[in-house]
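What follows is a pair of complexes built around chain A, which joins chain B in one and chain C in the other.
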Partner chain A sequence: MADLLTVNKSPFEKNSLELAIKYSQPGSAILLIEDGVYGAMKGTVAEAMVKGAMGDKKMYALKSDLKARAIKDDRVIDGVEVVDYAGFVDLVEANDKVQAWL
Partner chain B sequence: MSDIKKFMYLNRRAPYGTIYAWESLEVVLIGAAFDQEVSLMFMDDGVFQLVKGSDTSESDMKNFMPTYRTLGDYGVRHLYVDKASLEARGLTADDLIEVAWEDFETEEEVDNIVEAVDADQVVQLMAESEVVFSF
Partner chain C sequence: MKLAVQVNEGPYQHQATDSAYHFTKAALEKGHEVFRVFFYHDGVLNGTRLTTPPQDDRNIVNRWVELAEKYDLDLVLCVAAAQRRGLVDDGEAERNKKDATNIAPKFRISGLGQLIEAAIQADRLVVFGD
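Entry: the complex of A and B
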(Lines of atoms letter the chains of each structure in order from A and count residues from 1; the text may use other names and numbers.)
(Lines give C-alpha, C1' and ligand atoms only; values in the text may rest on other atoms or scores of the structure.)
Protein backbone atom coordinates (compact mmCIF):
# COMPACT_ATOMS: atom_id res chain seq x y z
CA MET A 1 0.00 0.00 0.00
CA ALA A 2 1.05 3.58 -0.51
CA ASP A 3 0.07 7.10 0.39
CA LEU A 4 -2.08 9.69 -1.30
CA LEU A 5 -0.53 13.17 -1.35
CA THR A 6 -2.68 16.18 -2.11
CA VAL A 7 -1.20 19.43 -3.43
CA ASN A 8 -3.36 22.56 -3.49
CA LYS A 9 -0.87 25.30 -4.36
CA SER A 10 0.36 26.53 -7.73
CA PRO A 11 3.81 25.12 -8.58
CA PHE A 12 4.77 28.60 -9.83
CA GLU A 13 4.13 30.20 -6.47
CA LYS A 14 5.08 27.60 -3.88
CA ASN A 15 7.28 24.50 -3.75
CA SER A 16 4.51 22.24 -2.38
CA LEU A 17 4.39 20.05 -5.49
CA GLU A 18 8.17 19.86 -5.71
CA LEU A 19 8.36 18.69 -2.09
CA ALA A 20 5.47 16.26 -2.44
CA ILE A 21 7.38 14.64 -5.29
CA LYS A 22 10.74 14.78 -3.56
CA TYR A 23 9.65 13.40 -0.20
CA SER A 24 7.35 10.59 -1.25
CA GLN A 25 7.95 6.93 -1.87
CA PRO A 26 7.73 5.23 -5.25
CA GLY A 27 4.17 4.09 -5.80
CA SER A 28 2.66 7.16 -4.17
CA ALA A 29 -0.36 8.85 -5.69
CA ILE A 30 -0.26 12.64 -6.04
CA LEU A 31 -3.57 14.40 -6.46
CA LEU A 32 -3.55 18.02 -7.67
CA ILE A 33 -6.46 20.08 -6.35
CA GLU A 34 -7.44 23.77 -6.20
CA ASP A 35 -4.50 25.90 -7.48
CA GLY A 36 -2.42 22.71 -7.51
CA VAL A 37 -4.04 21.77 -10.84
CA TYR A 38 -1.85 24.30 -12.63
CA GLY A 39 0.87 21.68 -12.20
CA ALA A 40 -1.05 19.43 -14.60
CA MET A 41 -0.77 21.89 -17.50
CA LYS A 42 1.26 21.15 -20.61
CA GLY A 43 3.97 23.50 -21.75
CA THR A 44 4.81 25.13 -18.43
CA VAL A 45 8.11 25.41 -16.59
CA ALA A 46 6.79 22.76 -14.16
CA GLU A 47 6.01 20.17 -16.83
CA ALA A 48 9.40 18.43 -16.80
CA MET A 49 9.22 18.00 -13.02
CA VAL A 50 5.75 16.46 -13.22
CA LYS A 51 6.71 14.15 -16.08
CA GLY A 52 9.79 13.09 -14.16
CA ALA A 53 7.67 12.20 -11.15
CA MET A 54 5.44 9.98 -13.25
CA GLY A 55 8.29 7.51 -13.65
CA ASP A 56 7.46 5.93 -10.33
CA LYS A 57 4.43 7.87 -9.04
CA LYS A 58 0.93 8.32 -10.32
CA MET A 59 -0.38 11.85 -10.90
CA TYR A 60 -4.03 12.85 -10.73
CA ALA A 61 -5.87 16.17 -11.12
CA LEU A 62 -9.35 17.11 -9.94
CA LYS A 63 -11.72 17.78 -12.82
CA SER A 64 -13.84 20.52 -11.24
CA ASP A 65 -10.76 22.57 -10.34
CA LEU A 66 -9.32 22.13 -13.85
CA LYS A 67 -12.60 23.36 -15.35
CA ALA A 68 -12.82 26.40 -13.07
CA ARG A 69 -9.30 27.36 -14.18
CA ALA A 70 -10.05 26.88 -17.87
CA ILE A 71 -7.61 23.99 -18.26
CA LYS A 72 -9.15 21.81 -20.98
CA ASP A 73 -8.44 18.07 -21.23
CA ASP A 74 -6.15 18.58 -24.24
CA ARG A 75 -3.93 20.87 -22.15
CA VAL A 76 -3.42 18.32 -19.40
CA ILE A 77 -0.06 16.53 -19.47
CA ASP A 78 -0.38 13.04 -20.99
CA GLY A 79 -0.43 10.45 -18.24
CA VAL A 80 -2.04 12.69 -15.63
CA GLU A 81 -5.39 11.11 -14.81
CA VAL A 82 -8.33 13.46 -14.40
CA VAL A 83 -10.68 12.40 -11.60
CA ASP A 84 -13.98 13.73 -10.28
CA TYR A 85 -15.04 13.94 -6.63
CA ALA A 86 -15.98 10.25 -6.59
CA GLY A 87 -12.54 9.45 -7.96
CA PHE A 88 -11.02 11.52 -5.15
CA VAL A 89 -12.90 9.36 -2.64
CA ASP A 90 -11.71 6.19 -4.39
CA LEU A 91 -8.09 7.38 -4.09
CA VAL A 92 -8.51 8.10 -0.38
CA GLU A 93 -9.93 4.63 0.10
CA ALA A 94 -7.26 2.90 -1.97
CA ASN A 95 -4.31 4.38 -0.08
CA ASP A 96 -2.99 3.93 3.47
CA LYS A 97 -3.28 7.57 4.41
CA VAL A 98 -3.68 11.04 3.01
CA GLN A 99 -0.97 13.65 3.43
CA ALA A 100 -1.66 17.24 2.41
CA TRP A 101 1.08 19.47 0.99
CA LEU A 102 -0.19 23.03 1.46
CA MET B 1 -9.27 71.55 -10.06
CA SER B 2 -8.22 68.33 -11.67
CA ASP B 3 -6.82 65.70 -9.37
CA ILE B 4 -6.59 62.64 -11.59
CA LYS B 5 -3.93 60.16 -10.60
CA LYS B 6 -2.54 57.17 -12.45
CA PHE B 7 -3.57 54.05 -10.56
CA MET B 8 -2.15 50.61 -11.24
CA TYR B 9 -3.61 47.43 -9.81
CA LEU B 10 -0.92 44.76 -9.73
CA ASN B 11 -2.34 41.21 -9.79
CA ARG B 12 0.00 38.31 -9.09
CA ARG B 13 -2.33 35.58 -7.78
CA ALA B 14 -4.31 32.87 -9.51
CA PRO B 15 -8.11 33.13 -9.39
CA TYR B 16 -10.25 30.94 -7.09
CA GLY B 17 -7.55 29.36 -4.88
CA THR B 18 -7.34 32.53 -2.79
CA ILE B 19 -9.52 35.62 -2.44
CA TYR B 20 -6.93 38.02 -3.90
CA ALA B 21 -8.20 38.09 -7.48
CA TRP B 22 -11.79 38.70 -6.43
CA GLU B 23 -10.80 41.35 -3.89
CA SER B 24 -8.75 43.15 -6.52
CA LEU B 25 -11.72 43.22 -8.89
CA GLU B 26 -13.93 44.62 -6.13
CA VAL B 27 -11.49 47.42 -5.38
CA VAL B 28 -11.09 48.20 -9.09
CA LEU B 29 -14.85 48.47 -9.49
CA ILE B 30 -15.18 50.67 -6.40
CA GLY B 31 -12.25 52.82 -7.49
CA ALA B 32 -13.83 53.27 -10.92
CA ALA B 33 -16.35 55.61 -9.33
CA PHE B 34 -13.61 58.15 -8.66
CA ASP B 35 -12.61 58.95 -12.25
CA GLN B 36 -8.95 58.07 -11.95
CA GLU B 37 -6.72 56.83 -14.76
CA VAL B 38 -6.76 53.10 -14.09
CA SER B 39 -4.68 50.25 -15.49
CA LEU B 40 -4.32 46.64 -14.39
CA MET B 41 -1.11 44.64 -14.57
CA PHE B 42 -1.16 40.85 -14.52
CA MET B 43 2.05 39.01 -13.60
CA ASP B 44 3.09 35.60 -12.28
CA ASP B 45 0.00 33.46 -11.54
CA GLY B 46 -2.10 36.60 -11.97
CA VAL B 47 -2.09 35.95 -15.73
CA PHE B 48 -4.37 32.97 -15.06
CA GLN B 49 -7.09 35.45 -14.12
CA LEU B 50 -7.51 36.35 -17.80
CA VAL B 51 -7.49 32.85 -19.33
CA LYS B 52 -10.76 32.33 -21.17
CA GLY B 53 -13.02 29.31 -20.78
CA SER B 54 -13.47 29.12 -17.02
CA ASP B 55 -16.34 26.86 -15.94
CA THR B 56 -17.18 26.78 -12.24
CA SER B 57 -20.38 24.76 -12.59
CA GLU B 58 -18.90 21.81 -10.70
CA SER B 59 -17.01 23.87 -8.12
CA ASP B 60 -19.76 25.68 -6.24
CA MET B 61 -17.88 28.97 -6.76
CA LYS B 62 -18.99 32.12 -8.53
CA ASN B 63 -17.44 32.45 -11.98
CA PHE B 64 -16.23 36.03 -11.92
CA MET B 65 -14.49 35.87 -15.30
CA PRO B 66 -17.33 37.76 -17.06
CA THR B 67 -16.68 40.72 -14.75
CA TYR B 68 -13.26 41.29 -16.34
CA ARG B 69 -14.95 41.81 -19.71
CA THR B 70 -16.91 44.74 -18.27
CA LEU B 71 -13.86 46.59 -16.97
CA GLY B 72 -13.66 48.72 -20.12
CA ASP B 73 -17.12 50.05 -19.29
CA TYR B 74 -15.85 51.08 -15.85
CA GLY B 75 -13.16 53.31 -17.26
CA VAL B 76 -10.27 50.87 -17.05
CA ARG B 77 -8.11 51.82 -20.01
CA HIS B 78 -5.41 49.12 -20.04
CA LEU B 79 -5.04 45.49 -18.98
CA TYR B 80 -1.35 44.70 -19.26
CA VAL B 81 -0.08 41.12 -19.15
CA ASP B 82 3.55 40.22 -18.52
CA LYS B 83 4.83 38.18 -21.48
CA ALA B 84 7.41 36.22 -19.50
CA SER B 85 4.72 35.08 -17.06
CA LEU B 86 2.59 33.83 -19.96
CA GLU B 87 5.50 31.95 -21.51
CA ALA B 88 6.47 30.26 -18.24
CA ARG B 89 2.92 28.90 -18.07
CA GLY B 90 2.68 27.70 -21.67
CA LEU B 91 0.19 30.45 -22.51
CA THR B 92 -0.08 32.96 -25.35
CA ALA B 93 -2.19 36.07 -25.86
CA ASP B 94 -4.64 33.84 -27.78
CA ASP B 95 -5.55 32.10 -24.51
CA LEU B 96 -6.74 35.34 -22.94
CA ILE B 97 -10.12 37.03 -22.93
CA GLU B 98 -10.62 40.21 -24.93
CA VAL B 99 -11.91 43.34 -23.24
CA ALA B 100 -13.42 46.15 -25.28
CA TRP B 101 -13.28 49.82 -24.36
CA GLU B 102 -15.32 52.78 -25.52
CA ASP B 103 -15.31 56.44 -24.60
CA PHE B 104 -19.00 57.28 -24.52
CA GLU B 105 -18.36 61.01 -25.04
CA THR B 106 -15.95 60.88 -27.98
CA GLU B 107 -17.19 57.48 -29.25
CA GLU B 108 -13.59 56.38 -29.52
CA GLU B 109 -13.51 52.58 -29.48
CA VAL B 110 -10.83 49.99 -28.87
CA ASP B 111 -11.69 46.34 -29.60
CA ASN B 112 -9.29 44.89 -27.07
CA ILE B 113 -7.42 46.63 -24.27
CA VAL B 114 -5.63 43.46 -23.12
CA GLU B 115 -1.98 43.88 -24.09
CA ALA B 116 1.05 41.63 -23.55
CA VAL B 117 4.11 43.63 -22.49
CA ASP B 118 7.78 42.78 -21.97
CA ALA B 119 9.82 43.42 -18.83
CA ASP B 120 11.12 46.82 -19.97
CA GLN B 121 7.57 48.00 -20.54
CA VAL B 122 6.51 46.69 -17.12
CA VAL B 123 9.27 48.74 -15.52
CA GLN B 124 8.20 51.84 -17.43
CA LEU B 125 4.50 51.40 -16.68
CA MET B 126 5.10 50.89 -12.98
CA ALA B 127 7.40 53.90 -12.83
CA GLU B 128 4.76 56.06 -14.52
CA SER B 129 2.07 55.00 -12.04
CA GLU B 130 1.50 57.30 -9.09
CA VAL B 131 -0.26 54.68 -6.98
CA VAL B 132 0.22 50.90 -7.17
CA PHE B 133 -2.20 48.59 -5.39
CA SER B 134 -0.85 45.06 -4.93
CA PHE B 135 -2.90 41.90 -4.82
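Entry: the complex of A and C
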Protein backbone atom coordinates (compact mmCIF):
# COMPACT_ATOMS: atom_id res chain seq x y z
CA MET A 1 0.00 0.00 0.00
CA ALA A 2 1.71 3.12 -1.19
CA ASP A 3 1.68 6.33 0.77
CA LEU A 4 2.26 9.90 -0.32
CA LEU A 5 4.21 12.04 2.13
CA THR A 6 4.32 15.80 1.73
CA VAL A 7 7.27 17.69 3.17
CA ASN A 8 6.98 21.48 3.43
CA LYS A 9 10.13 22.33 5.41
CA SER A 10 13.62 22.95 4.11
CA PRO A 11 16.05 20.18 5.15
CA PHE A 12 18.34 23.00 6.34
CA GLU A 13 15.70 24.22 8.78
CA LYS A 14 14.13 21.06 10.15
CA ASN A 15 14.66 17.30 9.91
CA SER A 16 11.21 16.50 8.47
CA LEU A 17 12.61 15.32 5.13
CA GLU A 18 15.13 13.07 6.87
CA LEU A 19 12.38 11.59 9.06
CA ALA A 20 9.98 11.20 6.13
CA ILE A 21 12.64 9.25 4.25
CA LYS A 22 13.55 7.19 7.30
CA TYR A 23 10.05 6.23 8.38
CA SER A 24 8.28 5.77 5.04
CA GLN A 25 7.80 2.34 3.52
CA PRO A 26 9.57 1.29 0.32
CA GLY A 27 7.37 2.26 -2.62
CA SER A 28 6.23 5.48 -0.98
CA ALA A 29 6.18 8.78 -2.82
CA ILE A 30 7.60 11.93 -1.21
CA LEU A 31 6.44 15.29 -2.55
CA LEU A 32 8.46 18.38 -1.65
CA ILE A 33 6.33 21.53 -1.42
CA GLU A 34 6.84 25.07 -0.10
CA ASP A 35 10.31 25.38 1.51
CA GLY A 36 10.59 21.60 1.21
CA VAL A 37 11.71 22.08 -2.42
CA TYR A 38 15.15 23.19 -1.18
CA GLY A 39 15.68 19.47 -0.58
CA ALA A 40 15.48 18.89 -4.35
CA MET A 41 18.50 21.10 -5.07
CA LYS A 42 21.74 19.73 -6.45
CA GLY A 43 25.01 20.27 -4.64
CA THR A 44 23.75 20.55 -1.07
CA VAL A 45 24.48 18.41 1.99
CA ALA A 46 20.99 16.93 1.58
CA GLU A 47 21.66 15.63 -1.94
CA ALA A 48 23.15 12.28 -0.92
CA MET A 49 20.21 11.59 1.39
CA VAL A 50 17.67 12.39 -1.33
CA LYS A 51 19.52 10.31 -3.90
CA GLY A 52 19.74 7.44 -1.44
CA ALA A 53 15.99 7.60 -0.85
CA MET A 54 15.32 7.24 -4.55
CA GLY A 55 16.56 3.63 -4.37
CA ASP A 56 13.15 2.47 -3.20
CA LYS A 57 11.02 5.65 -3.09
CA LYS A 58 9.90 8.19 -5.64
CA MET A 59 10.76 11.85 -5.05
CA TYR A 60 8.75 14.74 -6.46
CA ALA A 61 8.99 18.53 -6.18
CA LEU A 62 6.29 21.12 -6.84
CA LYS A 63 7.09 23.24 -9.87
CA SER A 64 5.61 26.57 -8.73
CA ASP A 65 7.41 26.36 -5.38
CA LEU A 66 10.74 25.67 -7.15
CA LYS A 67 10.09 28.64 -9.42
CA ALA A 68 9.17 30.91 -6.51
CA ARG A 69 12.58 30.12 -5.01
CA ALA A 70 14.48 30.56 -8.28
CA ILE A 71 15.47 26.89 -8.43
CA LYS A 72 15.66 26.18 -12.16
CA ASP A 73 15.10 22.71 -13.61
CA ASP A 74 18.83 22.17 -14.22
CA ARG A 75 19.52 22.68 -10.51
CA VAL A 76 17.10 19.91 -9.52
CA ILE A 77 18.63 16.55 -8.57
CA ASP A 78 18.39 14.04 -11.43
CA GLY A 79 15.57 11.61 -10.81
CA VAL A 80 13.42 14.05 -8.81
CA GLU A 81 10.25 14.49 -10.84
CA VAL A 82 8.90 18.03 -11.10
CA VAL A 83 5.09 18.20 -10.96
CA ASP A 84 2.51 21.01 -11.07
CA TYR A 85 -0.61 21.22 -8.89
CA ALA A 86 -2.51 18.94 -11.28
CA GLY A 87 0.35 16.45 -10.79
CA PHE A 88 0.01 16.89 -7.01
CA VAL A 89 -3.67 15.94 -7.32
CA ASP A 90 -2.72 12.89 -9.43
CA LEU A 91 -0.23 11.78 -6.76
CA VAL A 92 -2.92 12.07 -4.08
CA GLU A 93 -5.19 9.90 -6.20
CA ALA A 94 -2.49 7.36 -7.06
CA ASN A 95 -1.53 6.70 -3.43
CA ASP A 96 -3.75 5.18 -0.76
CA LYS A 97 -2.99 7.68 1.99
CA VAL A 98 -1.57 11.18 2.22
CA GLN A 99 0.50 12.15 5.23
CA ALA A 100 1.66 15.73 5.67
CA TRP A 101 5.06 15.40 7.32
CA LEU A 102 4.78 18.55 9.37
CA MET B 1 -12.23 10.87 -6.17
CA LYS B 2 -13.62 12.55 -3.07
CA LEU B 3 -11.18 14.82 -1.22
CA ALA B 4 -11.12 16.69 2.07
CA VAL B 5 -8.70 19.52 2.75
CA GLN B 6 -7.51 20.83 6.12
CA VAL B 7 -5.90 24.27 6.46
CA ASN B 8 -4.05 25.00 9.71
CA GLU B 9 -2.50 28.41 9.01
CA GLY B 10 -3.69 31.97 8.57
CA PRO B 11 -3.45 33.99 5.36
CA TYR B 12 -0.43 36.19 4.58
CA GLN B 13 1.59 34.46 7.30
CA HIS B 14 2.34 31.01 5.96
CA GLN B 15 2.24 29.55 2.48
CA ALA B 16 -0.09 26.77 3.62
CA THR B 17 -3.26 28.64 2.72
CA ASP B 18 -1.92 29.40 -0.79
CA SER B 19 -0.87 25.77 -1.25
CA ALA B 20 -4.27 24.55 -0.04
CA TYR B 21 -6.10 26.94 -2.38
CA HIS B 22 -4.10 25.96 -5.46
CA PHE B 23 -4.41 22.26 -4.62
CA THR B 24 -8.18 22.52 -4.08
CA LYS B 25 -8.63 24.49 -7.31
CA ALA B 26 -6.55 21.99 -9.31
CA ALA B 27 -8.54 19.07 -7.88
CA LEU B 28 -11.87 20.71 -8.75
CA GLU B 29 -10.66 21.59 -12.24
CA LYS B 30 -9.72 17.97 -12.78
CA GLY B 31 -13.28 16.99 -11.90
CA HIS B 32 -12.70 15.62 -8.41
CA GLU B 33 -15.15 16.30 -5.62
CA VAL B 34 -13.95 18.32 -2.63
CA PHE B 35 -16.25 17.25 0.19
CA ARG B 36 -15.13 19.99 2.58
CA VAL B 37 -12.33 22.43 3.37
CA PHE B 38 -11.85 22.58 7.13
CA PHE B 39 -10.04 25.57 8.63
CA TYR B 40 -8.41 24.85 11.96
CA HIS B 41 -6.20 26.84 14.37
CA ASP B 42 -5.07 30.14 12.74
CA GLY B 43 -6.59 28.79 9.53
CA VAL B 44 -9.95 30.24 10.64
CA LEU B 45 -8.56 33.70 9.79
CA ASN B 46 -9.10 32.76 6.14
CA GLY B 47 -12.81 33.31 6.79
CA THR B 48 -13.14 36.99 7.71
CA ARG B 49 -14.84 39.24 5.15
CA LEU B 50 -13.23 42.37 6.66
CA THR B 51 -9.74 41.98 5.20
CA THR B 52 -8.49 44.61 2.75
CA PRO B 53 -5.18 43.47 1.27
CA PRO B 54 -3.34 45.90 -1.05
CA GLN B 55 -4.81 45.94 -4.56
CA ASP B 56 -1.70 44.42 -6.13
CA ASP B 57 -1.73 41.51 -3.70
CA ARG B 58 -3.89 38.39 -3.91
CA ASN B 59 -7.10 38.53 -1.92
CA ILE B 60 -6.92 35.21 -0.13
CA VAL B 61 -10.35 35.40 1.49
CA ASN B 62 -12.18 36.43 -1.70
CA ARG B 63 -10.33 33.76 -3.62
CA TRP B 64 -11.82 31.08 -1.35
CA VAL B 65 -15.25 32.67 -1.61
CA GLU B 66 -15.11 32.74 -5.42
CA LEU B 67 -13.99 29.12 -5.56
CA ALA B 68 -16.79 28.15 -3.18
CA GLU B 69 -19.35 30.02 -5.29
CA LYS B 70 -18.20 28.36 -8.48
CA TYR B 71 -18.05 24.80 -7.12
CA ASP B 72 -20.45 25.02 -4.15
CA LEU B 73 -17.64 24.23 -1.72
CA ASP B 74 -18.28 23.65 1.96
CA LEU B 75 -15.89 25.96 3.84
CA VAL B 76 -15.97 25.27 7.58
CA LEU B 77 -14.25 27.14 10.39
CA CYS B 78 -13.57 25.28 13.63
CA VAL B 79 -15.81 26.86 16.27
CA ALA B 80 -13.34 26.75 19.16
CA ALA B 81 -10.56 28.22 17.01
CA ALA B 82 -12.99 30.85 15.66
CA GLN B 83 -14.15 31.91 19.12
CA ARG B 84 -10.58 32.37 20.30
CA ARG B 85 -9.70 34.47 17.27
CA GLY B 86 -12.86 36.54 16.98
CA LEU B 87 -14.45 34.99 13.89
CA VAL B 88 -18.18 35.53 14.33
CA ASP B 89 -21.32 34.55 12.39
CA ASP B 90 -24.94 35.35 13.32
CA GLY B 91 -25.29 32.33 15.59
CA GLU B 92 -22.05 33.00 17.43
CA ALA B 93 -22.89 36.70 17.80
CA GLU B 94 -26.17 35.80 19.45
CA ARG B 95 -24.76 33.03 21.64
CA ASN B 96 -21.77 35.01 22.88
CA LYS B 97 -23.44 38.44 22.82
CA LYS B 98 -21.12 40.06 20.29
CA ASP B 99 -22.01 43.37 18.62
CA ALA B 100 -20.90 42.38 15.12
CA THR B 101 -20.19 39.54 12.73
CA ASN B 102 -17.28 39.19 10.31
CA ILE B 103 -17.64 35.84 8.62
CA ALA B 104 -17.20 35.86 4.85
CA PRO B 105 -19.96 34.53 2.57
CA LYS B 106 -19.87 30.77 1.87
CA PHE B 107 -18.01 30.12 5.14
CA ARG B 108 -19.74 28.59 8.13
CA ILE B 109 -18.68 27.91 11.71
CA SER B 110 -19.06 24.40 13.06
CA GLY B 111 -17.42 21.79 15.24
CA LEU B 112 -14.47 19.47 14.99
CA GLY B 113 -16.90 16.66 14.19
CA GLN B 114 -17.05 18.17 10.71
CA LEU B 115 -13.36 17.42 10.24
CA ILE B 116 -13.83 13.83 11.42
CA GLU B 117 -16.83 13.40 9.15
CA ALA B 118 -14.85 14.80 6.21
CA ALA B 119 -12.00 12.39 6.92
CA ILE B 120 -14.46 9.47 7.01
CA GLN B 121 -16.44 10.51 3.93
CA ALA B 122 -13.49 11.47 1.73
CA ASP B 123 -11.13 9.05 -0.01
CA ARG B 124 -8.16 11.25 1.01
CA LEU B 125 -7.58 14.00 3.56
CA VAL B 126 -4.85 16.44 2.55
CA VAL B 127 -3.43 18.66 5.30
CA PHE B 128 -1.65 21.98 4.83
CA GLY B 129 0.20 23.81 7.58
CA ASP B 130 2.94 23.32 10.12
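FYI, the second predicted complex is superposed on the first by the 101 of 102 C-alpha atoms of A that agree within 3 Å, B and C clash if a C-alpha of one lies under 4 Å from a C-alpha of the other, contacts with A are read in each partner's own complex, and residues count from 1 in each chain.
Note that a contact is a pair of C-beta atoms (placed from the backbone, for glycine too) under 8 Å apart; a residue touches a chain by one contact, two chains touch by 3 or more.
No experiment lies behind these values; they were computed from the predicted model shown.
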Room on chain A for both chain B and chain C (clash or fit): fit
Partner chain(s) touched by A:42 [first = chain B, second = chain C, both, neither]: first
Chain B versus chain C as contact partner of A:24, first or second or both or neither: neither
Contacts of A:88 with chain B and chain C, given as first, second, both or neither: second
Partner chain(s) touched by A:64 [first = chain B, second = chain C, both, neither]: both
Greater chain A contact set [chain C / chain B]: B
Contacts of A:34 with chain B and chain C, given as first, second, both or neither: both
Which of chain B and chain C A:16 touches, first, second, both or neither: neither
Touching partner for A:72 - first (chain B), second (chain C), both, neither: first
Contacts of A:8 with chain B and chain C, given as first, second, both or neither: both
Inter-chain angle, chain B to chain C through the CA centre of chain A, in degrees rounded to a multiple of 10: 80
Smallest separation of CA atoms, chain C relative to chain B, angstrom: 5
Shared chain A contacts, counted only where both chain B and chain C touch the same residue: 8, 34-35, 64-65, 84
Interface residues, chain C side, partner chain A - complex: 1, 3, 15-16, 19, 22-23, 25-27, 29-30, 32, 124-130
Chain A-touching residues of chain B, taken from the complex the two chains share: 13-18, 44-45, 48, 51-59, 61, 63, 88-91
Complex interface listing, chain A residues touching chain B: 8-10, 12-13, 34-35, 38, 41-45, 47, 63-65, 67-70, 72, 75, 84
Contact footprint of chain C on chain A as seen in their complex: 6, 8, 33-35, 64-65, 84-86, 88-90, 92-93, 97-98, 100, 102
